[in-house]
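Below are two complexes that have subunit A in common, paired first with subunit B and then with subunit C.
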Partner chain A sequence: MQHDLIIIGMGLSGLMAAKTALDLGKRVLVIGKGMGGLILFSNTIDVLGKVPETLPLKDGLSHWIKEHPEHPYSKTGVEGIEEALSSFVSLFPPPYTFHSLDERNRKLPTAVGTLRPTYLFPSTLSGGVFLKEGNTLIVGFKGFKDFYAAYMAKQFKCRYLTVSLQEEGLPELTATYLTRQMEKEEVRERVGLEIKNSLRGETLIGFPALLGLNDPVRIKAHLEAITGGEIFEIPTLPPSILGMRIFNRFKAYLLERGANFLQGHKVSRVEVKGSICEGIEVFHPPISRFYSAPHFILATGRFIGGGLEAERERIVESLFHLPVFSEAPREEWFGKNFFDSHPIHRSGISVDHSFRPLDHNGKAVFENVRVVGTILSGHHYIDEGSREGIEISTGYWGVKRLFE
Partner chain B sequence: MRAKKEEWLKKNADICIRCATCMAVCPVSRVTPLFPGPKNTGPGAERFRHPEEPSVDHWVDLCIGCHLCNGVCPAGVPISELNLLAKTKYLNEKGRPFRDWLLTHSYLYGWIGALFSPITNYLLRKPVVKKLLEIILKIDQRSPLPNYQSPLFREWFKSHSPKVGKKIAYFYGCFTNTNEIDVGKATVEVLEANGFEVILPPQDCCGFPMLGHGDFDGARKKGEKNLSSLLQVIRSGMEILYTSTSCGFMIKHEYGHLLELPGAEELANHTFELFEFLRKLKESGNLNTRFKGLSIKAAYFAPCHLRTLGIGLPAFEILKLIPELELKRLEADCCGMGGTFGFKKEKYEIAQEIGNDLKRAIDRVNPEIVLTECEGCRLKIRHLTGLKVLHPVQVLRDVLVSRP
Partner chain C sequence: MGLKTEVLIVGGGATGVGIARDLSRRGIPLILIEKGDFAFGASGRNHGLLHSGARYAVTDPQAAKECIEENRILRKIAPHCIEETGGLFISLPEDGLDFRDRFLRACEKVEIPTHLISPEEALHLEPGLNPDLLSAIQVPDGAIDPFALILSNAREAEAHGATFLLHTEVLSILSERDKVKGVRVKDQLTGEEYSIETSFLINATGAWADHFLKPLGLRIGIALSKGSMMITNRRLSQRVINRCRPPSDGDIVVPNHTVSILGTTSVRVMEVENFEITPSEISLLIHETSRMIPSIEGCRFIRAYAGIRPLFMEEEKEEDRSISRGFVLMDHEKRDGLKNLITITGGKLITYRLMAEKASDLICEKMGVNIPCSTHLIPLPGADQPRGLKERLKNLPMGETLCDCELVKRDEVEALLKDKKLKELQDLLHRTRMAKGTCQGGFCVYRLLGVLNESEKEFGDSNRILKGFLEERWKGIQPILWGSAVKEEEVVEGIYKVIFNLKS
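Now for the complex of A and B:
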């Protein structure tokens, strides 16, 4: 296989890098040991959750970049972020589109009954913005353990309904099973009617994000026609159907344009000569395969993705052994409580303007390797609410600047 | 050796982080709550299993063996293998029906079926015979039974006038030999048109059906027999090509990875999927690409075991070179056949439900023909749609300008 670019990692940043390279007419190989993190997160597009709803996000971002010169956003700039986001948004033609409300952060309900600020979200989620005490009926399914309607309803001081799709005594239901059920018209008729009969003046209906994989807008409209209320989806625990919709869309787009897509085996070795990466080896028992290309993108994420590994005393980058920048010494990695901010989540790879990894003297370690996504240093996406924004903008600009 | 491998697999159950990515792709748990999904049946249940205690995994037999879960696990848990070991123990204790023996030993009687193909095919189409098969053997009377053909592929090959050129060996697999002779013929013709002389080394069933039913000893015997024959041709300087992605996955990866047969690595290093090989020819400028136009609309389906091979979609790449061919990739994960899964009375409806998702994907494309590398998928897709379903090599042969 001959490629202009090999991308290691199949999360949002790797997929975004692949899309950008294909749009530039490049031949791309994407390698992922799994299928990236899109299935794990709630999958609205957070850009900078710290910006209050009262302020246009753009203004908040400019301010943030001025205050945080080491942040990945300072590499892309506000206009750069906007350009990258519109490239992402262009993947989703109507009716299932991603958009903001008034170009500001808005708070959407989560499956644990909290509100979370986010920037872009699919149209099937918009109604959640208007959730207020008493105006929403939260719907769950009996036997579906990834979404408890009663718990959510209590937090939001709303009523709830638990729909039973199964006869008594049958085992638990999974997200993909329920999603497939919701794709069936007769199931929607039944569920819709049960919801309609349970409404007591509520105008909104909060539904777990299971409204089908292929045509959620039509499914939402059908349920609305039956119930007379406005339906909105609420992200569930993994596996995230919202994430699958994004992943499937990327995959279709990339394969249509001739990308090679290898899932299931991790890169076992990199072949390095001086400051050049000559190729990578993938171990697929009992053999190894070698792939070479003039350029490489490392988009392996932080700890969950396996891009970074915490050893007893230090943090290492697992593939190229790149220098890792960590703001905190070992004893300060973790805060006292689980929900505290943990400084370990600020560790990452420092890069130059063209996303090449740097050593502690500020010198590029590799000429033909670019690093993008959450593995970058200078941010704490959990605290900031910036995960997808960082992935999309650095994935996009990592490739743009490479071929400019 | 085997104990060591099993121990290694079981230890790997503990690296599961319960992220549920595998739950997003399992084709079985998507259609039925009777199978609790890979996270639960694999690493989840493994923690409760004890070698001395009887198996309680009555649902593990519903694992279709597609390996899609392995391909997405970010932690590298060998979920399919854990399921297979649990299934082996369960079936060893519960006993296998005669039907399963019959389905995994078709190499013993396939040639008889082919020899008397007019009678065999007549009988296998008779409703009364199908009814009897269901009553006696629990082979669902609605399931798609294969068609037998004579003369055998091997016999046709003997009678055809060989071309002299660089020698290359072909592992055609049982189904090509007795049921889809044209796949073999097309492969020989395409290779000859590229200047090769095709050799058919002595070969037996690859053993994959037995392995899928937890018959490790039976599979190992087949593996040893094939290895000794195939290594001989490799050592005389030939590469080995295969057209069945399931047979290929077995001989290239499972002989070494799961069965740990001596010499498997050498075999794996010299064994290639046909289109993977043709893609290499293309990249070195040696592929005969004098193709006629073929003005039809075709849909391409990537079988599970092709994806497990980690070679991308080489047939899709090569087919795209055919002028005027309108080729669409089907966005679906599994056909539901699972080798022999779809024949079984207790599983037929699950197989059919899985297949219906693929059928909907096919309906969206509305093609004239469907192309896929796996014989099980071809059987199932014909059954689901009534469309003409071919191996990609059959189309490639048809468009060659100068056939040998």
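Now for the complex of A and C:
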């Protein structure tokens, strides 16, 4: 089968690139080792956490772009980011929709009792905005080790309830197991009743983000009907059910529109002639297959995703051996303290306006390869709170500019 | 509040706790104070090597003899803290065989059993070794868990009436003319200050020995030698692998549970605390140890750490490796005219019991007590317990697995929480395998704090403790961050800085 575009990487940037290409009527092949960062991080859509709540995000972004010409956002511009975000939002029809509140960052409660600013989030998380001392009951599950209601409740000076779903002595509970359990009506009846009986005037109920994979809004409504309180979800340690919902929605959309989706496969080699990538070899145990296309998108992420690798003395891009731009010499990759801003996270691939990778002289290394997502240089998504915004906007514009 | 005792021991390392066991067995009332947890200093920061003494046979026969004798005793009294791995001394082409022959003769002289084997036999036993090796010698090295050893000693001492005050720091020494009267101390956690009166004072502060004596105007001449070590994420060999050449940097790889520990360097430092591991030490360790086990070059490391060896020197020497690893027992009555103060320092983990015996003998002599030492005869508490990974897996407690790397279950932690003496997170970490595996606590410490919150036993504000732990963890992780370790670090930063939005 002929493809117009091959996308390497199934994180949010790769998926966004695939969606954009399909919307333009292109034939797409997406290859990925796994779910990318979605299973680890993507709880909500961060665009630029640094912008204060008092300011419309748009204004904060304009200012940021002016101050940071090397940032991936300066390639897309504020309007470009907004257009990409709308495309993302359009993927989620009601009832499970993503939205902002007043087009500003809002602070949502975390599992360790801090507040974290984010921009777009599903309606199942909105209630968290109203959490105040004493007005919320935090619910956890006995035997679930990736969320502790007591920890969060004490930090917020609220009460908590630990629900027991099984008898003592059985194996521990995982996020995916609990999520499937919450999809069962009879489980919800039990849990809901226990919550109801534990309420002492609380109007809000904080629940780990396990309200089902497929229909969280209905599950939330059911629990609210039983308990009489407003339920909101709280992100847990990985794996992220919130991220899985995003992944599943993308996957369904891409498959519906005829994309070829190779999940669980690794690109073993790229075939390069001069500044042209002719194709890629994918390892399907026990054989390898060769795929070619006129265009390629590299969306392999940073260290976690395997896009970048830190050797003893230098950072390399694993697949095309693209030049990696690094602001910091080896001995300064990491700061003295954990909570320092570590310069290694600013390293990455530098690209031109159409997201083609550049060498150190500013010349495009490949004609037909575009690089999108967090592998790009010039940002620090951890410090900035910009991970998903970068993934969505560069994934979108990487493809849009290619076919414009 | 004030306390009064017969003997006051300062220092909760192997030596101090060993003395507590010894004296309490002889029926002498005592208190031991320690400013941190047990094994705060070098006792908790070493390879965990059950020395055969062979390493010192050529250069320091006296120390070697002490090592092999104690090695035999510890196998009897502390089998639950020991893995009898055996050890090899391998000669590489660049080492030649001259040193090996001297080594064999020297071992024979101090009665360390050796068995010379061929390269083929060595590679059969340890397939990971450098295939170019010229020969290998089997010696009775092993691995020892220092923390378990110290806890067993403490348990027995307590059963004999000894009192341990952890997290208790000495503020000043109370003395008059020719006598020490006691010490003024501070409870590190409550901030409470009080005095402890004592008839005899034992300085078992290891690397802090000079620092401790300073207010009395005394100095014994301790050289502080920093030794850095690195932990791999898997076990590289079944046996302790030593380089058969004169003692030098990067000449040993010790297996320990599921990991291996590479050691060491020897760098003179001026400060007992606040030292760091330099990139050149890391490079040196990898370069040298990978000559013995080539796969070290591409290994993933999970932590680097350092300990300070207190080396006693009567005169200044150029090279720290030439200073004896033997111990020093000092009677300040003879030396400085202070009747009831003694200092014991230097030595090695493996000789802790002998050091304790000699120190206890001296105290008994001063007290006019004539009861002989029995610590070499009676097994430590726990010696009859099943041990090893297999036994542990068979008896795994219930509850969720808080630490996936080292299989620590919730029930194990809850059982520990019944001990009221545990006063901080690190006390719990020391007493389990938590945070010792591949992720170094990146995931499980949040979970541990979750359990503490549920049990109403958190030791203060959880976020402050969590952040403190992450910074402490960073010290060990930062020097080894490359390769796949960087992947995991990005995940850990993602959890704490992104999902949890914690700030310094």
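Please note the rule applied: the second predicted complex is superposed on the first by the 403 of 404 C-alpha atoms of A that agree within 3 Å, B and C clash if a C-alpha of one lies under 4 Å from a C-alpha of the other, contacts with A are read in each partner's own complex, and residues count from 1 in each chain.
Criterion: a contact is a pair of C-beta atoms (placed from the backbone, for glycine too) under 8 Å apart; a residue touches a chain by one contact, two chains touch by 3 or more.
The structure displayed is predicted, hence computed values, not measured ones.
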*Following the overlay on subunit A, give me a clash-or-fit verdict for subunit B and subunit C.*
fit
*asked:* Using C-alpha centres only, what angle sits at subunit A with arms pointing to subunit B and subunit C? Round to the nearest 10 degrees.
replied: 90
*asked:* Output check: A:40 vs subunit B and subunit C. Expected answer is one of first, second, both, neither. What do you get?
replied: both
*Examine A:172 and indicate which partner it touches, taking first as subunit B and second as subunit C; both and neither are also allowed.*
both
_Per the contact definition in the header, classify A:238: touching subunit B only (first), subunit C only (second), both, or neither._
both
_Contact-wise, after the overlay, does A:94 reach subunit B, subunit C, both or neither (first, second, both, neither)?_
neither
*Partner chain(s) touched by A:362 [first = subunit B, second = subunit C, both, neither]*: neither
*asked:* By the touch definition at the top of the document, which applies to A:265: first (subunit B), second (subunit C), both, or neither?
replied: first
*asked:* By the touch definition at the top of the document, which applies to A:274: first (subunit B), second (subunit C), both, or neither?
replied: neither
*Does the superposition put A:116 against subunit B (first), subunit C (second), both, or neither?*
second
*In the superposed arrangement, which partner chain does A:304 touch: subunit B (first), subunit C (second), both, or neither?*
both
*Which value, in Å, gives the least CA distance between subunit B and subunit C in the superposed three-chain arrangement?*
6
*Taking the contacts subunit A makes with subunit B in one complex and with subunit C in the other, which residues are shared?*
37, 40, 143, 172-173, 237-238, 304, 306
_Quick check on the complex: what are the subunit A residues that touch subunit B?_
1-2, 29, 33-35, 37, 39-40, 143, 166, 170-177, 179-180, 237-240, 243-244, 248, 252, 255-256, 258, 260-266, 282, 284-287, 289, 304-306
_Which residues of subunit A touch subunit C once you look at their complex with the stated criterion?_
37, 40-41, 43, 46, 110-117, 143-148, 150-151, 154-155, 162, 168-169, 172-173, 235, 237-238, 302-304, 306, 309-312, 331, 333-334, 336-340, 342, 344-345, 381-383, 385, 387
_Taking the touch rule as given, give the residues of subunit C at its contact with subunit A in the complex, in rising order._
279, 398-402, 410, 443, 446-447, 449-451, 453-454, 458, 462-463, 466-467, 470-471, 473-474, 478, 481-483, 486-487, 489-491, 493-504
*Inside the complex, what are the residues of subunit B that reach subunit A?*
17, 19-21, 23-26, 29-34, 36-37, 70-76, 252-253, 256-257, 264-265, 268-269, 279, 283, 307-308, 310-313, 316-317, 320, 329, 331, 357
